[in-house]
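Look for chain A in each of the two complexes below; its partner is chain B in the first and chain C in the second.
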Partner chain A sequence: MKKALKTTLIVFIWLVIWLVASLLINLPLLFPSPIDVLVRLFQLLGTSEFYLSTMFSFGRIILGITIGLLSGLAIALLCSISKHIYDFFMPLIAIVKSTPIVAFVFLVNLFVGSGYTIVFICVLMVFPIVFANIYQGIIGTDKNLLELCKVYKIPYKKRLKALYLPGVAPYFFSSLLSSIGLAWKAGIAAEILCTPRISIGIEIFNAKTYIEYIDLFAWILTVVILSLIFELVVTKLLKLLSNKFLTKAEV
Partner chain B sequence: MKKLLSITLLCVMLFSTLSLFSCNTPAPTNSNGYKVALDLTDEWNKISNGTKLVQGCVVIRKEFAEQNPGAVSAFLDEYKSSIEYTNANPNEAGELIEKYGIDSNSEIASMAIPNCNIAYMEGSAMKDSLSAFLTAMHSIAPASVGNKLPSDDFYYTRNDTVEKTGTTINVATLNGTTGYGMAKLMEDASTNTTTNNYSFNVVSDPTMIIAGLANGSIDIGALPTNAASNVYNKTNGKVQALAINTLGVLYVLDKTDSVKSLADLEGKTIYAPAQNPTFILKYILAANNINATIDSTTYSSPNALETAAENGLVDIAVLPEPKVSNVMNK
Partner chain C sequence: MKIENLSKRFGKKVVFDDYTTEILDNKINYLVGPSGSGKTTLLRILSGLDKDFNGSIDSNLQKISIVFQEPRLFPNLTIEENIRIVSESEDSIDEILKIVELENDAKLLPKELSGGMKMRVALARALFYDGDIFIMDEPFSALDDELKERMIPKIFKLLKNKTILIVSHDLNEVKKYGEHIIEIN
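Let's turn to the complex of A and B:
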């Protein structure tokens, strides 16, 4: 309860700072006051377009995160079998990690519709992080403990539960959380670039083009709040999962 | 037999050398099979009752205009002669355009200039065409012009009797065709042959010009016409349109060789960049009662559509100059 109160107070203080800044800058055309933005946000919340756009964007990003997660997991497992497989995939992963989002958007959008481009971009954000973390977790499993398991002929399932999962889990969870925020950012940025017909990105793009900066700020606020909510939900879920799978480790 | 062969060879050589001399103008069909099928400026003029398709203009801060009528009058004269120079000397203008960063390739710019309909209109001629254009755009997409039409004080008329004095004017222009007519003025300013003392800024985003106009750091800005109306509305009338600098720059490219007139667009899918090109096309098609599908989401930015056209990925596309020249040159 105390934490909620403290957070609310901090948020309120930042809103006041915003208000003061907007009054000082005195360019309501391009830097609106928080009051105007919040009012506009409430107006938007009453429109069906708001929920449609939000759902579509959310759906694309979730799909991208899921595919990125699963593919990161799969390739990491594959690479953990042999160093040669890892070496084979390394150049691909290096390219995916270092190419700027915008370059990918331009390339991919020529071949694939705007909607799927977004999914692809989110996959690109999540995949390298998840892959690297899970791979590290698998490789980093204590070799001595593995030897012990071999000697005592402990079945694979038990090895998984007692060794691999607890070893990989912390890496996996942290990678998931950091890549979610990234996927949101990159996904919305990609939407602004290739403007799918129903998306948050096209709303932001139109708001900028039509010089409707109150709308622009309102939508940005929407994206920030959605991202925070999503991270909160995932954190809670991960906590639940880790409690379920990791405390029951038996050797 | 030998004689026939050598004559044929001679003829072939002759023809191929002759074709080298026609290299300056872009071939009617480019390597991907595209033709410039329609000129949307022409199509607009057919349905517009004498007013013109006006896509680019210069606007001024109203406060600055009121305080410096003489300087504004001098600017209008200098801008007009800059535009006239550009049309009369496309090659030299192209080089100036590249020199001042308004476009990156002087050859493409020079090729595009005749198709860009760079023109100068002020006063009542400007008002007639501009208000008609804004009314048309308002009927298709009200938000693009700021949700309402500007009142009469949006259209600047100069005072002929005032003395043309000089002052410092901060001018900003978009790169691309909106700024083509400005290059000669920039050259004149740098050689100190102008009445006014100018400082220039070339930007790639209208938002920067709008911000400058709003906070007073820019006095005159070259903007697309609908953005000008939008700024007028959003600043509650603090800007005025001084002059038109570009008529229409949109063309329809066709790969299928089936579009010979506007009516041939019936039932087809036309790719167009989002915003203005789509709105203008919609208006023209509606005025002619033609039903066609306009896709402005697959390649929503002009750059994306240009790339798609360069790779032959679209059958029919609407593109602005100088992208048209760029594509046709491939």
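Let's turn to the complex of A and C:
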């Protein structure tokens, strides 16, 4: 309760700072006050387009995060089996990590539709982070305990629960949480560039084109709120999972 | 168990050069020698963890109960789970816990134990696994003298007619319990 009150107070203070800044700048069309933006957001909430755009963007980004997560996990597991497999995948991972995301947006959009491009961009944001963290977690597995498992011939299923999962889970959780925010940012940026017909990105693009900055701020606020809610849900889920499987793993 | 013409080196350092010895079956074998003489290396070779050596080991051991120099416990598992993880057996562990004097601590996690208690869990785990041979690297060194006096005879009684190979620096312990002493120089 105390924490919720503190969070509300902090949000309120920032809204006041925003309000004061908008009053000082005094250009309501370019830098609207939070009151105007919140009023506009509530108006948008009453339209079906808002829900459609939000749902499509949300769906694409979640799909991208899921694929990125699974592919990062799978390739990290593969690479942990053999150094040759790791060496094989390294150039691909280096390219994904160092190439500007905008270049990928244009390149991928040449071959596939804009909706798929958004999904692909989210995959590219999540995949290298999840891969690097999980790989690190696997190769950092306690060598002494691995030796113990070998001598006592402990079956793989038990090893997984007692050794690998608790070892890798913290890496997996932190990589997932840090990549979610990035996937949201990159996903919406890709939408603005590719402008799929129904998306938050095209709404932001239109608001910017027609200089409707109150709309622009309202949509940005929507993205921030959605991203925070999603992160909160994932954090709670991860906590539940770690309580169930990690704190006291049953063998 | 016969170890014949064992040669082992780490880089330029020769640990064993044509070394031959014998571990007597169903006896308490103590392995003694100065630090760095290769005692732990020999235990690793016998337990199959180090296969990079020359020579032959005449043995058909399938099941090895091992106690390393460190307890090597799974941090997320309780004492009971740490013991049970090595076997599918549903047998009670009460007697084993009593021998290592941890009968009231089965539900604790390793982080709640002292160094000596952790070592006793490692011992209990080896006992529960019930191997053909017990290979133990200074298993009692973290225990105080009184506890040693109470515990060691009980352990050896339980392991009667088992082949045991123990590394120890405690000469009193070696003299008191050793049935066969292997010296490495």
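Methods note: the second predicted complex is superposed on the first by the 248 of 251 C-alpha atoms of A that agree within 3 Å, B and C clash if a C-alpha of one lies under 4 Å from a C-alpha of the other, contacts with A are read in each partner's own complex, and residues count from 1 in each chain.
Note that in this section a residue touches a chain if its C-beta (ideal position, glycine included) is under 8 Å from a C-beta of that chain, and two chains touch if they have at least 3 such contacts.
Note that the structure is a prediction, hence the values are computed from the model and not measured.
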| item | value |
| --- | --- |
| Which of chain B and chain C A:Phe106 touches, first, second, both or neither | first |
| Which of chain B and chain C A:Leu29 touches, first, second, both or neither | first |
| Contacts of A:Ser114 with chain B and chain C, given as first, second, both or neither | first |
| First (chain B), second (chain C), both or neither touched by A:Ile211 | first |
| First (chain B), second (chain C), both or neither touched by A:Asp87 | neither |
| Touched partner set for A:Leu145, first chain B, second chain C, both or neither | second |
| Which of chain B and chain C A:Ala162 touches, first, second, both or neither | second |
| Overlap of chain C and chain B interfaces on chain A (superposed complexes) | none |
| Chain A contact footprint on chain C (complex, rising order) | 47-49, 64, 66, 68, 70, 72, 74-78, 81, 84-86, 109, 125, 129 |
| Parts of chain B lying in touch with chain A, wherever the complex brings them together | 143-144, 146, 207, 210-211, 214-215, 227, 230-231, 234-235, 274-275, 297-301, 304, 307-308, 311, 313 |
| Chain C partner contacts - residues on chain A that touch it in the complex | 144-145, 147-148, 150-152, 154, 158, 162-163, 166, 246-251 |
| Touching residues on chain A, where the partner in the complex is chain B | 27, 29-30, 106, 109-110, 113-114, 193-197, 206, 208-212 |
